[in-house]
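Paired with subunit B in one complex and with subunit C in the other, subunit A is shared by the two complexes that follow.
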Partner chain A sequence: MTKKFSLTPYLFLTPALVAIAIFVVYPIFAVFYYSFTDYSIVTPPVWIGLKNYSWLIHDTIFWRSLAHSFVYLLVTPILIVLSIILAIVVNRKLPGIQAFRALFFIPVISGSIAVGIAWRLMLDTNGIINAILLSLGILKEPMQWLAEPALTLPFCMALTIWLGVGYYMMIFLAGLQNIPEELYDAAMLDGCNSWQKHWHVSIPGLRPQITFVAVISSLAALQVFNEVFTLTGSLGGILQSGYTVVFYLWQQAFRLSHAGKASAIAMALLVITLAFSITNIRLLERGTETD
Partner chain B sequence: MMNQTIVKDDHSRVVLQKTTQNFFLYIILSCVAIVTVFPFLWVFFTSFKGPTDAVYSVPPQLIPHDPTFENYLRVWELLPVGRFFTNSIFVTLSVVVLNTLFTSLAAYPLAKMKFRGSNTIFYLLLVTYIIPPALTAIPSYILAVRVFHYYDHIQAAILPYLATVFNIFLLRQAYKGVPDDLIDAGRVDGASELRIWWDIVVPIIRPSLATVAIITFVEQWNNFFWPSLVLPTMTNKTLQVGLVALQGAFLNDSRGIAAGVVMTVVPMIIFFLLLQKQFIRGLTGAVKG
Partner chain C sequence: MRTKLFTLFLLVSVLISGCVTATTQAPIATAIPPTPQTIVVTSVPQTIVETVISEVLVTPTPLPNPEAVIQSVEPDAVIGFWTFWLSPTFDQYIKDTIARFNEAYPGVTVNWEDHQATFQDDLKASFAAGNAPDVINLSVSEGWVSDYASQGLLMPLDDKVPQSVKDLYFPGLWNEQLINGVNFQFPWYQGINVYLINHQVYDQTGLTIDDFPKNWTDLPALCATIKEKTGTLCDIRLTVNDLISQMVYEGNVKPISEDGTSFTFDSADAVAWLQQYVDMVKAGTVDKTVLVTDQDRVGLDLFTTGKAAFYATGPNLIREVRKNNPGLYGYLGVVPAPVGKSGVIGKGLMGISVNAQTKFPNASLALAQFFTNPKSMLEFSKIVAIYPSTPDSYADPFFSAAPVAIEDSAKPFAEDAVSKYADIVPTIPHKADVNAILLRHVQDALFNNVPAQQALTDAVTEANQLLP
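== the complex of A and B ==
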């Protein structure tokens, strides 16, 4: 390695860094500035100090959206449990198991917009779900599934889980296949049954994957938009029942052209995301240390 | 003697246990498979239903008695679906090629060269990784409208994705596995750094490049949020954005919407089934990276 100053590394870095500077770094500063302005995008921004933030603090819709985003984080533990169970189920040599694995992966690559629109058709009052439940006698009359405020968020979350479980299953499957067989044999000799053996060997062995999935899926949950957008037909649900922070940001910025207010929401989202990532990583690190 | 019967008994019990266990496993697998596949099957069949086949009936009818392409033709007639396809292909391929090139260039010095500011750059990139895309969308939108004037032009959907921090980290990790000796040997031979990178290092990290390309491909093909903001004109829309427009235009026409969904999803599913191993390894292989 030469100690001499060389331009080479910087030349390698330049194209990517320029793109990131324009589309990621500059926007942070711009959003910070816009959040102190009244800005409709068409006319230049006007400095209004902390007005957007005081609006935000008193805005009930923002707090509702924030609460929904936190509720949405429930998808993370559900995803972890479901995908570990599924990974354990598919982690064996059975005829046709490869086909099942591939099948479970299909939602991952299908895209949330197309699938969300398909779900919306199915959950329609005149949809297949009502038809099935009516003919089984579970329902007496068709339900308006997506017009029920209490169900908007759960359906969005179900969609997120349905879209993601195959992906996380594959991650856990790769993790399971790295656990040495001897550990299971030792557990069996110690008198573990097959459930206990997974509890005592598989789960501790999957720690790195659990950390990864927890971080990735909870960050994604805080950013959720497509599921709400498609299942509520871009309206966010009756009585804002499907509003999340990002949905509200989108509505303020791109439906109402309130770039200033939207920027204040974006700053709140940034702070939450940061705080969340830090505690998330801390907690999970502590989890591994006590081991 | 007794011992033997016990062993034999034990053996047949184990076999029996195994068969019942497998039976239950297949039941679980099939239930999950039904939940996974059903929406696709239903949309697929619905898209071929003619006016005489009910979309909604009790008891439900899944398979059309009188299958027809009518719905697809109607969708193609009313919306520029061909344009949606070419736009999506153009955007996706451009981003895959340029992003893979730019991130593989950038990750190389971060893994293999000592230079002033390398740590600073690395940590700055790490910090930008958690910036919410919805946040960056606001200034990017304003840039598109006021500065770059590419609002409603297809480039608007491409340029913000020229480099992604995640891909840089993934490739940096891959470069770290390349032995320094190989690179030094190239230097001794007097090859330029760019030559060394292209001729010696890139071939070694090809599997990771494939991973990056596949991740980017799936992400871009399914990307909606940003393209939906900057591509308002019908003929400029990508498939995902066009599909939402179709949903709006075909409000009560489930058969037409279903046809749109099928057209959007099927290319990706075919691609996935052809390159299953690469897809799964690519999308999940990133974890180790």
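== the complex of A and C ==
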């Protein structure tokens, strides 16, 4: 029996497709074009061919930013482990457990800018962190936390973890609740302790969620900006210690008015994140298949 | 009887119309001596001629508004006006000034917007979109005027503004942020470079206000004393977005060769300037996050917490300290800012420029000039501790009155100080990129143990590649 062609589904899809075309597809093509131009935003673009890409290859700051972005990927395994642990902890039928789930989710809905500003005030020379450490005798004089190049990126990463752990916890919580109870009963009968139950039942059962979280959190890590900007301002940290690829892109576009160079950085980032995502998915899916 | 009544009616009509005319026509009605008039009254069946004496008021043509100095303003112009961080505190002043502007230039509609932290981003986006405002408040001290003017986005004023209008301003302020010798801004409100002193901390050093350094080169020694006696750090900020200017004013550095073919900010003067900051960082006498922040508010906030001995700012920002920490207000002192090796005490603060692509050039020029004219500036000065860029404003008794609050402490010497402001920084090609390169290498010297001479030489080498 031949299936009759129906226009209706396509009509329903049209508004979303139009929105994607305007706000996603067109900007990608526009950025691709601008990457071959000298463009200051306030004046029309001038075609210069591959000069921006040639500059990018020889720019040490871009490579340093890229290195920082790859270091930033360390938040991904930390987020996955912490989120799974929290999900296991809150996946219990205890009175008041809902309140804990809500508390862990509050950083997610607080907004990265507001939280970043709060962290910056806490880490200030006269902030509460120094006040506590001085009163406990751990420090003899206040430390300028955000002026230490070695600490800039770790603080940004800690902020990212604090902001995201509640969100990923909810994803893993949903995954845990989909694992059949019989598997845990069978593991108990086989003599597994709590740790073994989670290692042999929960983690394999969460494989799809782990794949999903690994991809989206690593993409977010490669594209981080808010945490760096709120903690370091437009300086990006002393000695460019907080420079990530997106932060450097923003600096080129909006501080130095080099939108052409920024577009070249964006295209490079697009290729890198695409390659990374495909590799990530293939590796994790291969792990699923061998099981 | 009927005729007499009719005559009486005519007489009363003439008298009433004369009175109404005198009250409705402004501004001045001049009464001229009564002139005998002859009124011919005709009625059936006879003609009676009577002589009536009445007072006739003659209203001359209204005098031009003395504040309307720009000619040929487009009728029914609609112009956009952006200010930087003035709302909501000065909403009433802006609206009142616009209302006065409309009296001088009727028919011009002004759409005013105030932009704050995102001002630069908003402005660049508006230029890109082709809907930038016609009249724009730009920071002279941060170098915004030359940034936009060098890209052809602002209207050059020298050949558009009559000499009589240019003469309203202090010459040093009119000739600021020049691009190839051309000016692009009407000087607006000025600040006086002062240092706010927190006596709660400063007095612990055993020093008095009179001991505060008069020269910039004496600041490091003061910071060392403050650290030793009080344990607090100096709240000093590098102008990270325009280090070249700071180097010129503080260190008397010549940043570029006369012929413009190479940068020269690795000279002995430049090294001496940078070495002072390196020494302060090594000695641990300055707050490093404040030193390299791009936000003035960060340094002001630190001072407002009461943890700093002094901060470089203007009297107009004392209101922020008072608002956020009223307890500190009573312990404030004010001293003139130390002068750099250049001997020039400062440069302009704010200006108003006109969009080169405006559809209403004369209306836009008129608005920009109106907000910066002596009367507008004087009225602004009475609301907040800012100072006019026009000598005539200082003739008002407001400036000769004795200061009553700490915010007014700069009033007695304001005219003298503002009259000496000058822009001594030469035109720097690719200024934003050069400053970015310089900032990177200055940080290497401050925080990465790179010798100051090497850092500056590396910066010059990299910056020279930007030159043709």
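Please note the rule applied: the second predicted complex is superposed on the first by the 276 of 291 C-alpha atoms of A that agree within 3 Å, B and C clash if a C-alpha of one lies under 4 Å from a C-alpha of the other, contacts with A are read in each partner's own complex, and residues count from 1 in each chain.
Here is the rule we go by: contacts are C-beta pairs under 8 Å (C-beta built on N, C-alpha and C of every residue); 3 or more make two chains touch, one makes a residue touch a chain.
No experiment lies behind these values; they were computed from the predicted model shown.
Legend: residue contacts after superposition of the two complexes on their common chain; A:D124 is shown touching both subunit B and subunit C. Within the superposed three-chain model, A:F70 lies out of touch with both subunit B and subunit C [touch as defined at top].
Legend: residue contacts after superposition of the two complexes on their common chain; A:A147 is shown touching subunit C, with no touch to subunit B. In the superposed pair of complexes, A:I41 makes contact with subunit B and with subunit C alike. By the document's definition of touching, neither partner reaches A:Y53: not subunit B, not subunit C. Applying the stated contact rule after C-alpha superposition, one finds that A:R255 touches subunit C and leaves subunit B untouched. Of the two partners subunit B and subunit C, more residues of subunit A are touched by B. Look at A:F23: by the touch rule set out above, it reaches subunit B but stays clear of subunit C.
Common to the subunit B and subunit C interfaces on subunit A are residues 41, 124, 126, 233-234, 254. Subunit A makes touch with subunit B in their complex at residues 1, 5-6, 8-10, 12-13, 15-17, 19-20, 22-28, 30-31, 34, 41, 86, 89-90, 92, 94, 97, 100-115, 117-122, 124, 126-128, 130-132, 134-135, 162, 166-167, 170-171, 174, 209, 212, 219, 222-223, 225-226, 229-230, 233-234, 246, 249-250, 253-254, 259, 262-263, 266-267, 269-270, 273-274, 277. Within the complex formed with subunit A, the residues of subunit B that make contact are 22, 25-26, 28-29, 32-33, 35-37, 39-40, 42-43, 46, 55-60, 62, 101-103, 105-106, 108-110, 113-116, 118, 121, 124-125, 128, 130-143, 145, 159-160, 162-163, 165, 168, 193, 197, 218, 221-222, 224-225, 229, 240, 243-244, 247, 254, 257-258, 260-261, 264-265, 268-269, 272-273, 276, 279-280, 283-285, 287-288. Considering their complex, residues 40-43, 61, 124-126, 141, 144, 146-147, 149, 233-235, 238-240, 254-257 of subunit A touch subunit C. Residues of subunit C that touch subunit A in their complex: 120-121, 124-125, 127-128, 148, 151-153, 231, 233, 240, 287-289, 292-295, 298, 302, 305, 307, 432-433, 436, 440, 443-444, 447-448.
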